[in-house]
Amino acid sequence: MLMESPRKDYMIMAIFTAVVLTMPLWTAPFGASYPDLLQKFAIYGIFAVGFNLLFGLTGYLSFGHAAFLGVGSYAAVWSFKLLSMNVLPAIVFAILIAALFAVLIGFVSLRRSGIYFSILTLALAQMSYNMAYSVLTPITNGETGLQLEHGDPRVLDFAFGAEETAGLPSTNLFGLEMSGWPGFYFCAVVLILAFFLSLRIFKSPFGLKLRAIKSNQNRMMYTGYNTRPHLLLVFVISGMYAGLAGSLLAVTDPLAGAERMQWTASGEVVLMTILGGAGTLVGPLLGAGLIKYFENIFSAINEGVLHSAFSFLPDFLNDFLTFIVAPFVGEGWHLTLGALFMAVVIFLPGGIMEGIRRLTGLAKRTASHRGGKGSARTGGPAHSAEG
Amino acid sequence: MDNIVLDVSDVHKSFGGLKALNNINLQVEEGKIHAIIGPNGAGKSTLLNTIIGRLVPDTGSVIFNGRSITGMQPHEINQAGVVRVFQTPEIFPDLTLLQNVMIPAFASKEGPVKFNFFRSLFGEKDVREQAEEVMLDLGLHDQMNRPASDLSRGDKRRLEMAMSLVQNPKLLLLDEPTAGMSRADTNRTIEILQRIKARGKTKVIIEHDMHVVFSLADHISVLAQGAIICSGPPHEVKGNPVVQEAYLGGAHI
Amino acid sequence: MDAFLLQILNGLDKGGAYALIALGLTLVFGTLGVVNFAHGALFMLGAFVAVALQNLLTISKQVRDESVTFFEAYKETPYLEIWLGDTGLAIIDYVVPISIVLAIPVMLLIGFVMERGLIQYFYKRTHAEQILVTFGLAIVLQEIIKAWFGANPIPMAAPDAVSGSAAIGSALGLGDAVVYPWWRLLYLLFTLFIVGAVFAFLNLTTYGMVVRAGMADRETVGLLGINIQKRFTLVFGIAAVVAGLAGVMYTPILPPDYHMGMDFLVLSFVVVVVGGMGSLPGAVAAGFLLGILQSFASMSVVKDVLPGIDQIIIYLVAVVILLVRPRGLMGRKGVMEA
């Protein structure tokens, strides 16, 4: 709750760090323990945590956050091309460019609230997407996407005595190549830092003010607050998170394409956040992990796999089930996403975290009924800041 | 008269063809309770809204502590020290009571904008204590960790009061603080107001309940059809035939 | 002058599509208070009513090709041609106009099902939740279409009789350079007809007047004891039909694919914002205006100076309008500002 001692924050951080760093161990039983996938969990986790700072705290629903993800990727690839294959300058550069971009978009779209805001962010992101495809081809390399080339200047690398190699160079952290497990651990450390900042924001006076804005923005004005700068700051921070995630995508695979900025990508981060639970600390991470995990599994399934999976059934049942399930897997993964989207909003608007809270509340109530005390109101923190 | 806190002069406000406020002149003295009464639709709420910046007057000026606040943004007027208690409770339903009171306390401490996103709330002991003190004063202390949406309507209004008092306003505007309250709650509110009156805070009250007005007010202005028809100490207003005609329909108080 | 006229004409058909989608969006906003992100999907579904009908009419079998005499050749011949001869071919030729007749009941039904099955449960929920659930619905609908009809655009043709171009220029005495495809001209007239019909319904029938009153002040109308709910279901159905018909008519201009709905929806939202949320005339005017503007921006003279401007002009205009007139061109105060 509000007044917990800071010690609890340290506890949360310690547990979180342990959980993230041991991911290769405990994801093994789910068949997810390989660096590429775990890296994706971490990157989209960062994206979702950043989105949640905006949507979860202020209630401002941005439908254009993928634009910042794309901008981050482009900026990082440019840093690889011009400066160095080292990931640190790329990340810093990406965050700065994303921040700049977020200031521009935020300045315009935060002039309105509610649905206007959602529509504006959607439109501005779509405009960025169109521009990346057409006008800005010199910067984005249009449809092909921006990628490394032989003869990139890479001034820092060459200044420090690197030599042109036969193949394209790979991203590194002071010589440590960012592929395989080192790549995952790098993303994991960045995720831990990003989560820590999110935790601090949640538990700061600033975070409290943001939640008050969500609850009753009008009242905030008559309470002496100029709300717009607060909103702009959190919008920019949130955009920087997306830029960071975009740069990490470029770290794992140094190319950037406009499709990363499309509205479907913006929709995906919204879904991750609400699936896990908007406004909760770890909900968005849960959502991001689950969606990326099932995307990975579902996309790989085709009719052949389904047939063999249902082979224990009689033929006609097998065919029938395959017919029903097939549109939802493989190419049809997006259909599953859309259906999941609707199901979450209709049945569990608070996301998985809300579900857990309801279950524990139910368990407590049953327990207290058995104990014969029957106190109906459990004084538990009915509050969203909990993780 | 150099102890005038609020000076409203020549304020006009029309909506379309309707004149809601017609040449309003009003002076509120420091440390006094000034009541504004009048029949429904007389323009009382419009006047309050003009003072706190929800509405901008067509002409005229509102001077607070020697400084013009006409046309200023609501948050600037609040920061200047003019705080309003709303008639229908305007609270933060998703936050706890304590958080509800801490928000205005932060506004007074930190100003309209402060980007302290890396600071822990735990370090804000002073704000918390200030909030708890006010809540203790108003008897909300025992439920401070409940979400505000749980409260009864009467408790929500007390919470509103707490949110306003914690800002330590130089001028407090109360819009019908006892409307819809039971006699007991009304008396309790009067008692609270008398207590804070003793601390020398200036207040403007808009009220229907004559019992409340006459037990609190130092000065009464009567508003009818957008104009002030009479202004003075309670005993003067009570005996004024114009007021009785316009407001009370001739009946004696 | 010729080029000028031509650009205006070119802008009008795209603008017409924006106007029709924005009209339905605004109707649903205003009456039901719901932001429908699945509205673009209705436009797309309309187009696919035509595609489905075309597929149905052209179900074929292999028939010996008599014109080839020296070996056995076969060609695909639609059953319709086999059964009805030239009449059958004519029916196939007129698939788009026939689809319009078919689309009205189909879209009305889809609209009713959508409103009764999903939207009605979201009247009392937050705008964010309305946006999210309809967004999910839009994805589901477009993915179903993709699974059924594939991802590639499907070419549709206007009837032969109107496949040429109208010599508008010579008719107006402006020279022969100005020609305009007949179908686009029809599309424009059709748009005007639909807009006129919707406005007539709202302004001239008592039923429509109640709906308009509901747009202005929902609670009061509810208090009058009128079952506004039933009317709102019909309004949603009408919006679905308008969007669907726009989709059917647009197929010869732009071969439909599964994501056309979302493409048009984003622009239509911008149109609604520019026109002023909740203003029907605003939506229609802004739709045509932005369509024409986009058409001018894609002239090579303009593009030489400002490359790529045609891609972003609509958004730029929206941003400028929003900064200068936050409520849009014809917006009223307090509409959808929660």
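When the chains are written out, they are named A, B and C in that same order, and each has its own residue count from 1.
By our rule, a residue touches a chain if its C-beta (ideal position, glycine included) is under 8 Å from a C-beta of that chain, and two chains touch if they have at least 3 such contacts.
Please read all numbers here as calculations on a predicted model, not as lab measurements.
Touch-path distance (fewest steps) from subunit B to subunit C is 2. Of all the chains shown, the one with its CA centroid nearest the global CA centroid is A. Ranked by distance of CA centroids from subunit C, the top chain is B. The distance from the centre of subunit B to the centre of subunit C, each centre being the mean of the chain's C-alpha atoms, comes to 53 Å.
Here the CA centre of subunit A is 34 Å from the CA centre of subunit C. Centre-to-centre separation of subunit A and subunit B, using mean CA positions: 45 Å. Against subunit B, in their complex, subunit A makes its touches with residues 1-6, 9, 197, 200-201, 203-209, 211-212, 214-216, 218-227, 229-230, 233-234, 237, 379, 381-384. Those residues of subunit C that touch subunit A in the complex are listed here as 35, 118, 121, 125, 127-129, 131-133, 135-140, 143-144, 147, 262, 266, 269-270, 272-273, 277, 307-309, 311-312, 315-316, 318-319, 322-323, 326, 336-338. Interface residues of subunit A facing subunit C in the complex, by the touch rule stated above, are 59, 61, 63, 108, 111-116, 118-120, 122-124, 126-127, 130-131, 133-136, 263-264, 267, 270-271, 274, 327, 331-332, 334-335, 337-342, 345-346, 349. Per the touch definition, subunit B reaches subunit A in the complex via residues 52, 54, 73-75, 78-79, 84, 86, 90-96, 98-99, 102-104, 106-108, 110-122, 124, 127-128, 145, 147, 163, 167.
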